[in-house]
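Per-chain residue numbering starts at 1, and chain names A, B, C, D, E and F are given in the order in which the chains are listed.
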Amino acid sequence: MSRLYEDLTAPEIATEISSSSILVLPVGAVEQHGPHLPLSVDHVIAHETATAVVDECGDELDVWQLPAMSISKSNEHAWSSGTLSLSAETLMAVLRDIGRSIAPTGAKRLVLLNGHGGNTTLLATALRELRLEFGLMTFLMHPALPPAYGGSSTESELGMGIHGGLDETSVFMHLRPDQVRLDRAARQVPESLERNTHVKFGGSVSFGWLSNDFNPDGYIGDPTGATAERGKQLFEQSIAALSEAMEEVKVFDFGR
Amino acid sequence: MSRLYEDLTAPEIATEISSSSILVLPVGAVEQHGPHLPLSVDHVIAHETATAVVDECGDELDVWQLPAMSISKSNEHAWSSGTLSLSAETLMAVLRDIGRSIAPTGAKRLVLLNGHGGNTTLLATALRELRLEFGLMTFLMHPALPPAYGGSSTESELGMGIHGGLDETSVFMHLRPDQVRLDRAARQVPESLERNTHVKFGGSVSFGWLSNDFNPDGYIGDPTGATAERGKQLFEQSIAALSEAMEEVKVFDFGR
Amino acid sequence: MSRLYEDLTAPEIATEISSSSILVLPVGAVEQHGPHLPLSVDHVIAHETATAVVDECGDELDVWQLPAMSISKSNEHAWSSGTLSLSAETLMAVLRDIGRSIAPTGAKRLVLLNGHGGNTTLLATALRELRLEFGLMTFLMHPALPPAYGGSSTESELGMGIHGGLDETSVFMHLRPDQVRLDRAARQVPESLERNTHVKFGGSVSFGWLSNDFNPDGYIGDPTGATAERGKQLFEQSIAALSEAMEEVKVFDFGR
Amino acid sequence: MSRLYEDLTAPEIATEISSSSILVLPVGAVEQHGPHLPLSVDHVIAHETATAVVDECGDELDVWQLPAMSISKSNEHAWSSGTLSLSAETLMAVLRDIGRSIAPTGAKRLVLLNGHGGNTTLLATALRELRLEFGLMTFLMHPALPPAYGGSSTESELGMGIHGGLDETSVFMHLRPDQVRLDRAARQVPESLERNTHVKFGGSVSFGWLSNDFNPDGYIGDPTGATAERGKQLFEQSIAALSEAMEEVKVFDFGR
Amino acid sequence: MSRLYEDLTAPEIATEISSSSILVLPVGAVEQHGPHLPLSVDHVIAHETATAVVDECGDELDVWQLPAMSISKSNEHAWSSGTLSLSAETLMAVLRDIGRSIAPTGAKRLVLLNGHGGNTTLLATALRELRLEFGLMTFLMHPALPPAYGGSSTESELGMGIHGGLDETSVFMHLRPDQVRLDRAARQVPESLERNTHVKFGGSVSFGWLSNDFNPDGYIGDPTGATAERGKQLFEQSIAALSEAMEEVKVFDFGR
Amino acid sequence: MSRLYEDLTAPEIATEISSSSILVLPVGAVEQHGPHLPLSVDHVIAHETATAVVDECGDELDVWQLPAMSISKSNEHAWSSGTLSLSAETLMAVLRDIGRSIAPTGAKRLVLLNGHGGNTTLLATALRELRLEFGLMTFLMHPALPPAYGGSSTESELGMGIHGGLDETSVFMHLRPDQVRLDRAARQVPESLERNTHVKFGGSVSFGWLSNDFNPDGYIGDPTGATAERGKQLFEQSIAALSEAMEEVKVFDFGR
């Protein structure tokens, strides 16, 4: 049976969706990813991850996949033509409209499955807005956690493989083997940042950045050693971890 | 070669997209469509139509397909849980953000390919906004023209097969043969409207309506005779007509 | 007795306005109309048409005339100094505020009588917004229907007499005989558009335009043969048709 | 010659409007005015005052009359059905749009001629916004000054004839003799307010009020002695004073 | 006992704040004040005034002091770097949010104690918005009344000591004796304005101004004779007057 | 010398503030903090921390303290009367207005020093907005890092002392010894959350919460063992760490 929300008819919403259902909204992005990756990376990863997670645990946990938002907030890449970006205000408005729309279905749990690190803080803000305004229980998951949220990239990248680096490139090679041009990429790690104790990716002090603040090429990390095999492993680990997390989402009750 | 915009890398935007390119934005909807059709109808039709049109004439006319907006403005169906709807303000904001994003690519022509009649007037308004604000040449096409814009539905439906009726159901049967439950549908035509000369679908006087103004079942038309074969014919005619229209878009110059 | 809404006292609102009343909001525009017509054309036509229609059928059908909006959305003429234009957002906000204001009067039917084609799609969008938000039954009428809504201009203008052309100029000569300078006008028809099957005024593909896209003079059509006599005939036909339409508005019930 | 802005053609804007022109925007209101006066009072007074002032000094001072805003911000009367009110945000947006529209005409001086006390503080705020955003020199005049701005009503009303009182009723009797129902009105003066030194109309402490805070009848003052003769005198004094003020507007230069 | 609202615990809100409480919101500004005064002037005066008034009558009248807004709308000084200014829209939004927040406390009376003349008309507009939207009784007080609201400055300044002039400088010398550089100031009075009967500070015609419309130095008035002693006297008079006004606020009932 | 920005005069802005200056904006909150702490906690901590950090390193690093925002976004506590909260939109608007205001001063580095965890994600979003819109280098620091950003609370609280818990209460006891009522507090730890691997404070899955989702008392943690001494130690560690971080801010260059 399809677990795509949009494949239901309106009368089936009443019979299939209930307070024990989990709705998953994949949030992608269409934005520059350097010379070696297409604009679609975050869109593809969000979509494929959501599909795989729902395949894995959808029937058991009553999970339904909402249509992916392909475009979101990518203004750190607005300098690079090709990037499609919603403003912060627009993205928040879209999320509110979706929250308002799903509240009457009876579903109580909404998971934002976010493929784009540039959205993370705004989506995290939206979690509370949607909880307060529509009474939804809201969750934010990532195929790969951004550093500011506790994620890390490889040691060889000094933890700074944050956009088009080794892991993301590998995962994309696994998902779209024909679309990666590794020969066009090199190492782009802002190494001197490592000297900082506080002001760095995942440090205690966040900083505002645009992707061309670091270099003119649009990626930060070192994709040169990426392989589809590594990507496959990372992707499968991610699906396993997210499915496990989805079980916690299913019964989450604020510790009461 | 892929004609999906998002499959390009950022450097390829500069080499592949030019002032002679046409960008096509499919606009779908996820909204109730009665008991016989899933929520996805307009999303599927917009996406499939765009794909087929770009297949047909993309290489020749330098057309690029943007990622489909799956959700748009469906507030005439907000009464029916399941419907996902952006507000008028949000949809306009999304369109402005997309216009702002594509303006730097060098593309001059943007086609909104709209699968949902409920968007038509707002998208038509947006044509001018994007032309004025970003200098784009903007166009609005429909897989099937809404009555208010000169389209018509079948005589047997008295021209009122506007939502889930004979033609739309047939086209969807062609595209997703397993997803239509014709046995759940009947004839739902607000027949007395036919007596009106002015105030009717496609009449000289438009009127504000919600889909449950007509009946509680959410569709307006008579899908009972729908067939995949009829749908195939309609779909192919649509692709042919839109491809022909795309040639006019390619060289359109305001008659100068 | 006056049929101007504003001539009522507050206590009379309760006694005179009821669920069977029709409120008519004339919507004009103040915008460039070429060298032969003043900025006031659409304002004057909207106001005079509303007045004549209410004279014709107001007592019989319980119609009340709201104060005309003189200025509306004219951004296709923003390039020409003199034009006064509200933004799309502002015009929608004004309409919402008016809808909110009249909802408590008990009137259920609101007619937007629109003298300016540039407003048509936005007002058509507003019909649904006001229906949904305030429960009003809403209607959109035009003194002369724009091509995109099924209207047509003269054959001699190839159907492209859309702004300051033969018919509009004639009607204005009838209404304000001293204010037309026919000697300053010529034929301004973007003739090559006629070759198009799809992308043209009233064609299946709408396009975004500013009035100076066609020529630098600000009008589109051929007013050279305009006469007050022709205008009188057109105006009277319009009043007759709108009064007939108003009877349908009076009893409109969505075909239930 | 007409001094209505909208009677100009677009080419005449360039020849007739210059940096020495003054544009006057009458701002009316359509709102409850008690049982003795129609909703139109402020609209009529703003319009008639503007017309008379422009008649008086328009040719000499190069003054042009913009179309009156009939509806403005009347939310202190929103409790009374019949009142038509724009929100504060909408009214400010309309004013900004008008400022943006007139800036390219070359006119430098814009006078808001405000017939409705409920707008005064918002219009006064707008003076600075339009000056800053569009470089216009902006002015705010009143046919009759509200108490908070130094105006006063009659001693018999203890200075509290602020809405539908003696003076306003008299002026309206002069302008529309057939539309006043004095027999329906009585004395409605919140007399105990007089005891206050600070918190009162025109006192050092302003307070937020809705018109039904004082009494359920919607007027504040004592119109019982109103006469058209008194109204004529007040109106003529007002025209004289405003014309005199317009001469100061003409040459105003911030004391430089 | 502290009379700072923020020093209460949440449970104490229920026991200490009631419908007889008065909440006072000091509204300051951080904006250029010429070469002789720091940016803080209006912030300091608003804060010190509120503190002194609450000291004077807080216990008797059950007054609670909200945290001061240090920054408000100062766009007349936006030309001078250093000025911190909220837009009109932002300031109104902040006030609405505060109104919404305090409505549930049970307090019914909110006093805006405004130290910055540039806010006056917007705050006066907000009085009604907060009354209508949240049912609060709302009041606007000033340490020193702006001319447009009936205040006056010294005769020697021709009533035009409106920003950094004799009185304001004196009061600030009293409050922050070490922070005034009188030697840097001179007389800056736009004397020719005095010739005007209508268009002048406190005249019947308001005008939009930016502080650099008058001179490039950023103050209007003549601070040269300012003394702390004069400031002390003015400050004490102000506290006495505002405390007296607060007694009227306490029992204000719209004269019913 | 004062290091308060507002103590400068306008001409001093030009001489004292340069591209090597750092501006610090303390962001507080006024919100319920359980029965044992006043509403002011986050306001006080933000203000005192900023003051101490500027004392510590202001002269050396050319740091200037902006006036504290006392109120910010506290809608997770909106259920508890007393809480003062700006909406997400308002807070973002305030931050944009401040960014716009400081951009002309020449300062390039802006530090948001945030005392309230409920603001963190929105402020982190603002970092990019202000960088992109105004070219500022932007940083976000916390007196105590929220768990989602890598901070932790005590082991005895299972890392869930996030609001009014041991550490925050201790710090406040140090700063305002007389204002804490430890006798009113108990242990309020949602212990069963500890069983979760992913969905928990600081886990890989964020969740939307309101403070009364956990318990009706408004605090989460165990303040029972709080002491001023512990608070002093924590505060001093925080000042030391932030001062060290400020040195990194001073020379931060994106690793170029």
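We adopt the following convention: a contact is a pair of C-beta atoms (placed from the backbone, for glycine too) under 8 Å apart; a residue touches a chain by one contact, two chains touch by 3 or more.
Just so it is clear, the structure is predicted and the values come from calculations on it, not from any experiment.
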Notebook entry, point to check: Starting at chain C, how many touch steps does it take at minimum to reach chain F?
Noted result: 3
Note to self: As a test of understanding: of all chains, whose mean C-alpha position lies farthest from that of chain D?
What the structure shows: A
Next item on the list: Would you kindly say which chain has the C-alpha centre located farthest from the C-alpha centre of chain B?
Entry: E
Next item on the list: Measure off the straight-line distance from the CA centroid of chain D to the CA centroid of chain E, and report it in whole Å.
Entry: 27
Notebook entry, point to check: Just how far, in Å, is the C-alpha centre of chain D from the one of chain A?
Noted result: 55
Notebook entry, point to check: In chain F, what residues contact two or more other chains?
Noted result: 78, 89
Checklist line | Arrangement of touching chains [line / ring / star / complete / other] | finding: ring
Notebook entry, point to check: Could you give me the chain order round the ring, chain E to chain F and onward?
Noted result: E, F, A, B, C, D
Check: If you look only at chain F, which of its residues touch chain A in the complex?
Finding: 75-76, 78, 88-89, 92, 118, 120-122, 124-132, 136-142, 145, 148-151, 190-193, 196-199, 202, 204-210, 213-215, 241, 244-245, 248-249, 252-256
Checklist line | chain C to chain D touching residues, read off their complex | finding: 4-14, 17, 30, 32-40, 43, 66-68, 70-71, 78, 80-87, 89-90, 93-94, 97-98, 101-102, 104-106, 179, 181, 184, 218
